[in-house]
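Common to both upcoming complexes is subunit A, partnered first by subunit B, then by subunit C.
After this line comes the complex of A and B, so read on.
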């Protein structure tokens, strides 16, 4: 494992921690996009280019844009209210870095014998084969999930429009 | 140290961060961000499993499916959050007491 991989993993964990710890929701959304970008870089390095492209365009792009939209639509807290809630929030999230550090260090230096039998490379086809032929039933499931999402959004927004007049 | 174990440790760390975020936050948008971080941990595990077994094509297909599910989940959840905001004029989970018995 190259040093750069470990560095990217560290940055991935750090950006995820920053995403959760930061007070501003907008900064949280930016942190999430950064986490996705780090994960995409890791995917590129681990020979997963198609998944990396999806991660970068959909997760770092589309989902971040959705988060920015919802943060803009909903009214942000006033500075006074933010100051009021800062103390309580600090108390709630104070333990997170400590827990992460303890879990990370304990697992990192735990001497677990990982005995994974890695089979010989048998890449019978590329990703298109797996997507369109090997996992056809999953593809139907994906289509159903997409339709559920579309109808869910349509029903929700229709209800909102009715209530809004 | 084994490569898989190092990735596994970071995936667990991501999982802890996401889970803590969902448990500790009172903001609905931040809860969604916690769910997203949980998804990133699962994605990392799938990627390293594919890399270790040499079947990167299969892992890529699984990750693409996961991303589709993730996007739909977030889109619908955001619709629900928006609906909650229109009703309560707040994103605070403390105000969601309509079904409290």
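After this line comes the complex of A and C, so read on.
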């Protein structure tokens, strides 16, 4: 593994930790976008540009934009509440960096030999054709999940605003 | 034709939310009912749709799929009727009906796919619909239960996705048959065992088996009554137990470690679920723990692995879907009329609600395995199969837990339905047709399946056809 890959992995772990531990929702959403961007770079380096593009456009782009929209329509905490929450939150997730560090060190120095012959990547001329021809059912599934997400937003957020909650 | 079972519910949700909103809201109940009834009919009388050239879905429908598709139709119809009566707010009722259709598409997908990644996609559809449904009323308990379910479900998702990644690495494909062929010939037994373990643990969480059950009692008891019917009746059975049966019998190698793991988890769920139910005073919470215990019977039968035991497990899956749905319909009627789920505050309701009292007795006796009701046959088959396969300690555990089941359900009947009704219950009555109709149909199925068991056993006893093996 090249040094650059290790650096990207470290940044990925750091941004993921920041996403979970930060007290601000906005910073958390930014952290998520950053984590996705790091993952996309790793995918590019692992010779899978299609997966990287999907990761970058959907997770780092679309989903982050959706989070920003949601954050703008929710009520922020008062400064006192933020101070209260910050301490409790830090204490609650203090073990996370320790776990990440231990797992990282173990994996870095433990040589696990997995003799798996990875199947050769197929040359896909057109991703659209591939998805429609081979993963049609999954595409329909994605549409249904989107529909479900819309109802989730309507039920959890729209009606709350309607009733002044 | 079976592709319509996924496409039509999704298409119906889109149509219901087009312009002409008011008209659509009025027809939503009938559209849902028509789809659920069509599903039950289609399972019994399959025909071709002509859509096959456009949609090349890789689907598989055998006798086991038909049994579960039938259960889905029955349970969703019951939830629809109860929801129509209980959910007063028009917007909430309309959202509930839309989410029922999405859950229908998700569960139908789980039942028919033969690819582990597609299975994961449809598991997620059903899970997301369930989170939203649990939090339909947005009260604090429901939101907390939905959040718990969401977090544990996310852990299950990570476990299953990791497993799928390893299986893809080993086999180069995600189809059931390709993975099975790769497992049979592969030398990477440790890696494959790890993948199998991760996937099975993920499904244990989804199915609410002990010790992975943390979300289940809260979700069942805090969810709105029609959603509890849906979750307890079919959602956990499909996303956890049916998927487990499919994965274990068609994808993985059904070896001794997996058998022992399934039987151990099954036995733990049977005993601890029954003991936990014994100490409950909340009606729905007792039913929730009872569900964990009954699902344990299905898993212990599956783990035993003999054709007779697998038949018993699948038969108990059908029976459990029916009698647990009936018990949750009854709990909804009781909660609606008394305004409480605390059994210690109730007494003598059978005098005021005779239909609920009678159907409840039938469901309770069937759950406890009292002949000739449906549940008695499936439990008997599982216990016999365990004994014949030499797992006698497990057979004894199953029999003992059945006695505990009878004890806590008799306690439920005594506290809620028997005795003289208190003064505060002098004005209560049966809640009406919308609640009575599903209760009568479900009670009829319990009795009919019990009496017609010899015929059904003859029809479905061919296990190889039943599980498509």
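Going forward, the second predicted complex is superposed on the first by the 118 of 165 C-alpha atoms of A that agree within 3 Å, B and C clash if a C-alpha of one lies under 4 Å from a C-alpha of the other, contacts with A are read in each partner's own complex, and residues count from 1 in each chain.
In the analysis below, a contact is a pair of C-beta atoms (placed from the backbone, for glycine too) under 8 Å apart; a residue touches a chain by one contact, two chains touch by 3 or more.
Given the structure is predicted, the values throughout are model-derived calculations rather than measurements.
Engineer: If we overlay the two complexes on their shared chain A, which of subunit B and subunit C does A:149 touch? Say first, second, both or neither.
Structural biologist: both
Engineer: Using the superposition on chain A described above, determine whether A:66 touches subunit B (first), subunit C (second), both, or neither.
Structural biologist: In the superposition, A:66 contacts subunit B only.
Engineer: Is A:140 in contact with subunit B, with subunit C, with both, or with neither (first, second, both, neither)?
Structural biologist: Only subunit C is touched by A:140; subunit B is not.
Engineer: Give the label of whichever partner, subunit B or subunit C, reaches more residues of subunit A.
Structural biologist: The larger set of subunit A residues in touch belongs to B.
Engineer: Applying the document's definition of touch, where does A:34 land relative to subunit B and subunit C: first, second, both, or neither?
Structural biologist: A:34: touches no partner chain.
Engineer: Thinking of the overlay built on chain A, is A:126 touched by subunit B (first), by subunit C (second), by both, or by neither?
Structural biologist: Touch status of A:126: first partner only.
Engineer: I'd like to know which partner A:42 touches here: subunit B for first, subunit C for second, both or neither.
Structural biologist: first
Engineer: Does any part of subunit A touch subunit B in one structure and subunit C in the other, and if so which residues?
Structural biologist: Of subunit A, residues 114, 116, 118-119, 135, 138, 142, 145, 148-149, 152, 156, 159-160 contact subunit B in one complex and subunit C in the other.
Engineer: Going by the contact rule set out above, which residues of subunit A touch subunit B in the complex?
Structural biologist: 1, 6, 9, 12-13, 16-17, 19-20, 25, 28-29, 32, 35-36, 39, 42-43, 46-48, 50-51, 54-55, 58-59, 62-63, 66-67, 69-71, 73-75, 92-93, 95-96, 99-100, 103-104, 107-108, 112, 114, 116, 118-123, 125-127, 129-131, 134-135, 138, 142, 145-146, 148-149, 152-153, 156-157, 159-160, 163-164
Engineer: Help me check something: in the complex, which residues belonging to subunit A touch subunit C?
Structural biologist: Against subunit C, the touching part of subunit A is residues 114-116, 118-119, 133, 135-138, 140-145, 147-149, 151-152, 154-156, 159-160, 165.
Engineer: Note which residues of subunit C are touching subunit A in the complex, please.
Structural biologist: Residue list for subunit C touching subunit A: 6-7, 10, 13-14, 55-59, 91-92, 95, 98-99, 102, 105-106, 109, 113, 115, 117-118, 121-122, 124-125, 128-129, 131-132, 135-136, 138, 169-170, 172, 187-188, 191.
Engineer: Where on subunit B does subunit A make contact in their complex?
Structural biologist: Answer in residue numbers: 1-10, 12-14, 16-18, 20-21, 24-25, 27, 29-30, 32-34, 36-37, 40, 43-44, 47-48, 50-61, 63-65, 67-76, 78-83, 85-86, 89, 91.
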